[in-house]
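So, here come the structures, one by one.
Below, chain A partners chain B and then partners chain C, in two separate complexes.
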Partner chain A sequence: MDSYINIKVKVWRQAGPKAQGHFETYELNHIFQGASFLEMMDILNEQLIAEHKDPIAFDHDCREGICGMCSMYVNGHPHGPDSAITTCQLHMRKFKDGETITVEPWRSRAFPVIKDLMVDRGAYDKIMQAGGFVSVNTGGVPDANAIAIPKPVADEAMDAASCIGCGACAAACKNGSAMLFVAAKVSQLALLPQGKIEAAKRAKAMIAKMDELGFGNCTNTGACAAECPKSVSLANIARLNREFICAKFKD
Partner chain B sequence: MWLKDSSIGRKLVMSITGLCLVFFLLFHGCMNVALVFSEEAYNWICSILGANWYAIVGTLGLAFLIFVHFCYAFYLTIQNLRARGNDRYAVTARQQGVDWESKNMLVLGICVIGFLVLHLANFWFKMQFAELTGIETSAFDPQDGAGLVKFMFAGNGAWSIVLCVLYLIWLAALWLHLNHGIWSALQTLGWSNLIWLKRIKVIGTIFASLVVAPFAVVVFYYLGMGIGMLLA
Partner chain C sequence: MATTKTETAKVITPEMAKIPQGPLEKKWTNYKDHQKLVNPANKRRLDIIVVGTGLAGASAAATLAELGFNVLNFCIQDSPRRAHSIAAQGGINAAKNYQNDGDSIYRLFYDTIKGGDYRAREANVYRLAEVSNNIIDQCVAQGVPFAREYGGLLDNRSFGGAQVSRTFYAKGQTGQQLLLGAYSALSRQIGKGKVKMYNRHEMLDVVLIKDADGVERARGIIARNLVTGRIERYFGHAVVIASGGYGNTFFLSTNAMASNGSAAMQIYRKGAYFANPCYAQIHPTCIPKHGDFQSKLTLMSESLRNDGRIWVPKKLEDAQKLQRGEIKGRDIPEEDRDYYLERRYPAFGNLVPRDVASRAAKERCDKGYGVNNTGLAVFLDFSDAIQRLGKDVVAQKYGNLFQMYEKIVDENPYENPMMIFPAIHYTMGGIWVDYELQTSIKGLFCIGEANFSDHGANRLGASALMQGLADGYFVIPYTIQNYLSDQIGVPRMSTDLPEFAAAEKGVQDKIDRLMAIQGKRSVDSIHKELGLVMWDFVGMGRTAESLKTAIEKIDAIKKEFWTNVYIPGEADGLNNELEKALRLSDFIEIGRLMAVDALNREESCGGHFREEYQTEEGEALRQDDKFSYVACWKYTGEDSEPELIKEPLDYEFTERKTRNYKA
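Moving on to the complex of A and B:
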């Protein structure tokens, strides 16, 4: 049964991108375990405002696991200790009475901290702009049976497309690599007929941008897939490698 | 040059050089097992390799592979540390299914190369090098490889036991390096998909064991002999 717990929250506070950050620990009493993690953060911020202190800046938007904004590193895990969920889908019943919960921003050179727990994930947008699209307008909706696609292929493309660009993969990776994200975005298009035509060009452009932005080299530790809120598979990274290596050998 | 300037290109170099080294070790290990069965057979293999031109070309090729693998290992690791940024996480947790060795490939590689130096000094210097230069580097005839191995691993009293244990540590580090390295190399080459992902991990473990086992058999064989000689 859910009950009320008293907790301590140890949060990274950083006034701005250039400022020196530090941890601050806050006590929070009488938190219902049925509350979501972000509701707990809201209660904490109300408490801080009541004490005339600066509330904690953190990103959030949909609060239902689809926008990918809620980037928090909770107790050593991006999106917290539960698996296959985003921070906004995390509940306080995952924590015990008296526990100290450590909350940090994503830490990766390509995701600089803006303030407190908020980071600039524009790097992922830049990678998308480099090639994560189909160049031609496909026009109106064609008949679904006009282009037959085998079900397993369609499923794999859909699973890759479930990536919400949250950045947890690069945040979890000891090498600061964005490969799972790029692999998901390359795969969702490369698997389908409309996307296949530009697959080689896309892989080259997106990898070139990824390298330019200072993400690391993937060494296949698998931490990304283990932490991904959408369980995007490592098999996508193999596809990306294949696309890229074949494209380079053809040049 | 994309093999140097792109992250996947760098990984490709790592994986190709790594896999070539794996195949060499497989060959080397099989050759060593001959020691357990017959010393003459081992010496016969040594005589074929010895200082022939193909053995020398092979040795130079290996040195080149290790050099490239080593340089890229540092290049990659330094870039990755930098990509992580200046602030480290205060709390890091282990993820399920993420092997320890996959996060410590550089350390394991350095263990492997450290022992490699010892190994070259102990054997290569006294066998192929001695044969090439004609310089007398040990009391053993370069042709009598088996005698040398037996002396080092079994006939040298307590030192032999120490050497055997050192070699076993080396083999453990190598196994860990390969347990991650082999499937990782296949993944880098793109030889994986939803089904084969699980399979290549198993293949990696089996291959790593196949590479390490022949060496381990030889060490255990001489360790037993050495302990027997000490007790006698």
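Moving on to the complex of A and C:
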């Protein structure tokens, strides 16, 4: 059963992109374990506001694990110690009375800190702009049932497509690689007949952009998939590599 | 009071709403055949501002850019992919009739009109049903991985308010997949330089400029860069608002934390009519509230009602034991369970529309049959489905929803029935638009949930995604050209014009005023207070008395906010509390407008339930002779009541009936 706990929260505070950051520890008493982690952060911020101190800036929006906005490194794990969830789906029942919880922003060269726990993930958008699409305009497309797609293929594409673009993969990776993010999109579209046509071009363009933006190389440590809130599989990276090598052979 | 003005109200005619002539099924074709277009060379010279990147905003921005217009697209999140459309779970409707179960464009139109309790415009709804099929084709072409049958063709499921299976879905993440489809199309245009994207920017006002004939036209917006705090000016030949709904007026809702109604209120204050603000949808299947610290309510998809059965105990003593935590749902034998939806509505059973299901849950809980410690929950039970289909099939269909439930509630829904309760989910009301989706201000358009147009007094499940994408992909790209065709000679205007300066000053003054209050209350504490007033007095059951109380209380909250709110930090940098305060200042106004509209509408229809107007069986009782109109509210000033303008709804093609989901 959920009960009430007293905790300490050790939070990364950084006034701006160029400012020197530091940890600050706050005490919070009587936190209900049924509260979500972000609700605990709300309570902390209310406390800070009451003391006329600067509340902690953090990204969050849907609070149901799908928008990909929340992005906290909790006790050494992107999105915290539970599996297959985002920070907003983490609940205080995962923590013990008296515990000190460490909260940091994503730490990755390609995601500079904006303030406190808020980072700039614009690099993911730029990778998408480089090729994460099927080149069709609105209108003039065939009937939706004109091309049959085997159910297992559609299901596999769906699993890859479930990526929420939160950045946990790159944040978890010791090399700061965005391979799982890129692989998820390349796989989804390469699996489907609609996306197959541009598969090689897409893989090359997205990888080139990823490299250009300062993401690291993939050394298959698997940390990305282990921390992915949507359990996007490493098999996608293998598929991306295949698409990429095929594309290079064709050159 | 607003009600006294109804006698002399002005009227909007079908001509003013630009409803095309001709039979229902020919109207949209006739419109497209005769509308004015802009040639490719001229498109390049025209700038369009799109505010919002949800299904409506992203699809509009992408499509307008594909056509050749220059698009400036704004969103408050760090990426356009995060707009709240992403959270839609269940599906999207279309009249494909792939299941051969009797569906058609007319039937989708009819179900939507009936589901909306005969308070939507026939011509708009028919067009929506008509373009629904194009949406599915478009999404498949983009690589949206819809669920498929083993034969490789698209699968469908059933949703409330329909007797056919017309809902396309992608697991429980349909909104996400459709939004990512639109986002990929948008990304492609950003990459090509046809869309200039402004992330973490919030619109704070619209800029109107009079042309040579003295006609006021929307020519730009004032936006705040949420990172730097800088107030910026942007010009557009036309402005499209796609900023979503205002459900967060209630503080607790299924909306995302930053979802807000401020863009709508900004344009309302500049003269755009606000239509049917009282029509808000309470979704029946949400995870119940668990504490005062709660920040939002989580929706469990309506698709669960395909296989889940809703019940409460038959015996009051069983309910009381559940409330005290002495027994669990599974301990109650079959014969002691009251499947009240199946009992009351045999024809539609658990798949009645949302408003009906929500009120039925409230009725049972009000009578004391609630099943959790607060007495505000009913069961949604899958034990029958698990027996019939096996756990694996149920897991395949609803696995991610079950997982979500378990993470939040810490209880396994495969073993014990889920507990659910209604919560605010969607707002059917919104900015008034004509058939072209143009507001009452020239050059200012409004699409998606932000407008009022298609759902009447109640939206059917899986129709929000349909409307957002219909507006963005297939309607506005046509209708905006009819407006822009005579704007091709208008050069890009300087943002140094006095109208821009004045709008920016208005925004700056408001921010300065807020920052100067330095009171004692946090923004959230006041917002929660507003939310409670809304839920208690403008919620699922409304009376003249409750609404008058609400207006008094909201006026007091407004005073408290403007004299006692505390915003820490500075305005010229990142300041979340300032962002929230600006949005709350508008929620307070919207809440009041909702109450005023609800008080005026002396009938029950769809999501608007006035307890004085119900049948003996507790069903909504419309007053077609008095209230068959769209209530359009016109802003008249900070301290005066809004003026009511009516758009009568004449049903030319459908016979208005009392909604019946019993037989």
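Just so it is clear, the second predicted complex is superposed on the first by the 243 of 251 C-alpha atoms of A that agree within 3 Å, B and C clash if a C-alpha of one lies under 4 Å from a C-alpha of the other, contacts with A are read in each partner's own complex, and residues count from 1 in each chain.
Here is the rule we go by: a residue touches a chain if its C-beta (ideal position, glycine included) is under 8 Å from a C-beta of that chain, and two chains touch if they have at least 3 such contacts.
Given the structure is predicted, the values throughout are model-derived calculations rather than measurements.
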First (chain B), second (chain C), both or neither touched by A:Gly216: first
A:Glu198 touches, of chain B and chain C: first, second, both or neither? neither
First (chain B), second (chain C), both or neither touched by A:Glu99: neither
First (chain B), second (chain C), both or neither touched by A:Ser135: second
Chain A residues touched by each partner, larger count belonging to chain B or chain C: C
Chain B versus chain C as contact partner of A:Ala154, first or second or both or neither: second
Footprint overlap on chain A, comparing chain B with chain C: none
Residues of chain A that touch chain C when the two form their complex: 2, 16, 32, 34-36, 38-39, 42-43, 46, 48-50, 52-55, 57, 59-69, 82, 84-85, 89, 91, 93, 114-115, 118, 120-122, 124-125, 128-130, 132-139, 141-145, 147-151, 154-155, 157-158, 161-162, 164-165, 188-189, 192, 194-195
Complex contact set, residues of chain A against chain B: 10, 21, 23, 73, 75-77, 81, 83, 102, 104, 107-111, 156, 172, 174-177, 179, 207-208, 210-211, 214-223, 226-227, 233-235, 237-246, 248
Parts of chain B lying in touch with chain A, wherever the complex brings them together: 2, 5-12, 76, 79-80, 82-93, 95-99, 102-103, 105, 180, 183-184, 187-194, 196-197
For the chain C and chain A complex, residues of the former touching the latter: 59, 62-63, 66, 77-82, 84, 86-87, 96, 98, 134, 136-143, 145-154, 170-171, 173, 175-177, 180, 183-185, 187-188, 190-191, 197, 199, 227, 256-258, 290-291, 293-296, 298-299, 403-404, 407-408, 410, 473-474, 477, 522, 524-525, 566, 568-569, 573-574, 576-577
